[in-house]
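Okay, handing you the structure first.
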Amino acid sequence: MSPSIPRPTVPTVLPPEYGPPLTAAQAARMMKAAEDVANAEGWPMVIAIVDSSGSLLMLHRHDQAQRASVDVAIAKATTAVNFRRETRVFQELVAGGGLGLRLLGMPHMTPLEGGMPILLEGKVVGAIGVSGMHSTQDEYVAKHGLAAIGALQA
Amino acid sequence: MSPSIPRPTVPTVLPPEYGPPLTAAQAARMMKAAEDVANAEGWPMVIAIVDSSGSLLMLHRHDQAQRASVDVAIAKATTAVNFRRETRVFQELVAGGGLGLRLLGMPHMTPLEGGMPILLEGKVVGAIGVSGMHSTQDEYVAKHGLAAIGALQA
Amino acid sequence: MSPSIPRPTVPTVLPPEYGPPLTAAQAARMMKAAEDVANAEGWPMVIAIVDSSGSLLMLHRHDQAQRASVDVAIAKATTAVNFRRETRVFQELVAGGGLGLRLLGMPHMTPLEGGMPILLEGKVVGAIGVSGMHSTQDEYVAKHGLAAIGALQA
Amino acid sequence: MSPSIPRPTVPTVLPPEYGPPLTAAQAARMMKAAEDVANAEGWPMVIAIVDSSGSLLMLHRHDQAQRASVDVAIAKATTAVNFRRETRVFQELVAGGGLGLRLLGMPHMTPLEGGMPILLEGKVVGAIGVSGMHSTQDEYVAKHGLAAIGALQA
């Protein structure tokens, strides 16, 4: 560490580690719970689930869900797992303006509420992304998916 | 028709027309039948179903399916619906060499057995693409998906 | 399994399963061994190592290595891990003509010798891809990388 | 110069010229210094170094670095060398709003602190991009890379 290079004063915040991949059985339980709430509400949606490698594990598109939501749901899920953060965090930073606006230039980062990493035993095992309705409704559905496998954070 | 322009002599063959999109309920029945046979065989696979617009409707990846099969299954399904033909047809044309080789330069065309259009009442309503095992096994699984909704052609 | 759908007769061949990701320390040992042999031969090369998620872990390009080899080395490595096979296998199938030619239409598959999956305890933990010289020289260098962590198959 | 066309009044600022490419040996020295400080801090990162042609020369990803940082580190480095400027400059222009926002529409430009051109004898010989922690920490690590070859600007 060169004394001539001023050390930044921001605190070090380490994100959760990556864990083993979500299983297909876990994804199916998440998907059912998420679809149940979407169907109960009458919301046509696309729900995508990726594993800890960022690879697509399961995707369901409902009748009359907007077609663009296929890519959006996958993008929310991959953003959540590759950055190990809820996509809502990025949305809020962008909405705050100023420095947050730079995030719009981040490659492969979709700053739209509705993508959530899946944490089991403190490790990122995958992510869920939901698209099709208002983003707060998207996240509401995503949370039901997390709850179905005990992965909803307090 | 100008008499100075020689008319091609190949017979006119019109492919089936596009119909309304496959429903999510139909896709779920196809997916279950395809997964049942894959599971009975112990084959880890990726099964993708698209509707008549070519948009992804449902995708399931099994534990330990090779990761590349996500893109391959989607590519087989979209090839089958966008060209309204089984992907095996293109595979055979390529294998035949000569003029068939030009198909390798066709954009967004994947000449690998295992993609099949879904025809209901004579119209293309979607397609199924399967990847993960030998391509004859992929197609075998795809056919069970078609059979589940009465779309297996004789 | 519908009795009206003929079952394929090819034997079921399951590839090795995916395991945990290769570590940065293992990648460094592989890289050093691969570079040592390349330097001893005087071969300017690009050596890429990906982990079991398919994500780039380490890449070194030598002075005067051809620039295109950056993409080629990464493509060989990702093909090897995503298909869990040596890229030479695909090269030979393509070279055999006939049905093998269809592989040229496989998305994200680079059929060029020099990409090898990394197996530890029977599981795929990553892959190495080498480019820059004749493909047999590329694979020769890749094998030295595997040997450095005891992953060279008999 | 037509007198009917008003001449812009902004001062002419020519960026530094491109020089010969950074060598692999220089990149290795930079990488070691950057990794040493990252390891001392306990920061999992991705460090990418490109040469004056913009082509990737060296990339190291640490265990548990966020996967998205592979693309982000490369993007920061290529932005720094292709625009011959520190990426922090673009970040500040975007943060300032107004005209600066147009930069978000610039192709292949990533306005995120942590990408720095490498200048030797006044010429751009490459760039380093760091990602994985707070952007001020990313740049702090990048500066240690520059210092290792005497390229840190006063």
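Each chain gets a letter, A, B, C and D, in the order it is written, and its residues are counted from 1.
Basically, a contact is a pair of C-beta atoms (placed from the backbone, for glycine too) under 8 Å apart; a residue touches a chain by one contact, two chains touch by 3 or more.
None of these values were measured; they are calculated from a predicted model.
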Repeated interface matching A-B, over half of the contact pairs identical, chosen among A-C, C-D or B-C: C-D
Length of the line joining the C-alpha centres of subunit A and subunit D, rounded to whole Å: 29
Between subunit A and subunit C, centroid-to-centroid distance (C-alpha), Å: 31
Computed distance of Cα centres, subunit D from subunit B, in Å: 45
Multi-chain contact residues (two or more partners), subunit D: 67
Category of the chain touch graph - line, ring, star, complete, other: other
Residues of subunit A that touch subunit C when the two form their complex: 18, 20-21, 52-55
Complex interface listing, subunit B residues touching subunit C: 37, 40-44, 64, 66-68, 71-72, 75, 90-91, 94-95, 97, 101, 103-104, 109-112, 133-134, 136-137, 139-140, 143-144, 147, 152
Residues on subunit C engaged by subunit D in the complex (per definition of touch): 21, 23-25, 53, 55-63, 67, 70
Residues of subunit C that touch subunit B when the two form their complex: 1-2, 4-8, 10, 12-15, 17-18, 54, 79, 81-84, 97-99, 101-109
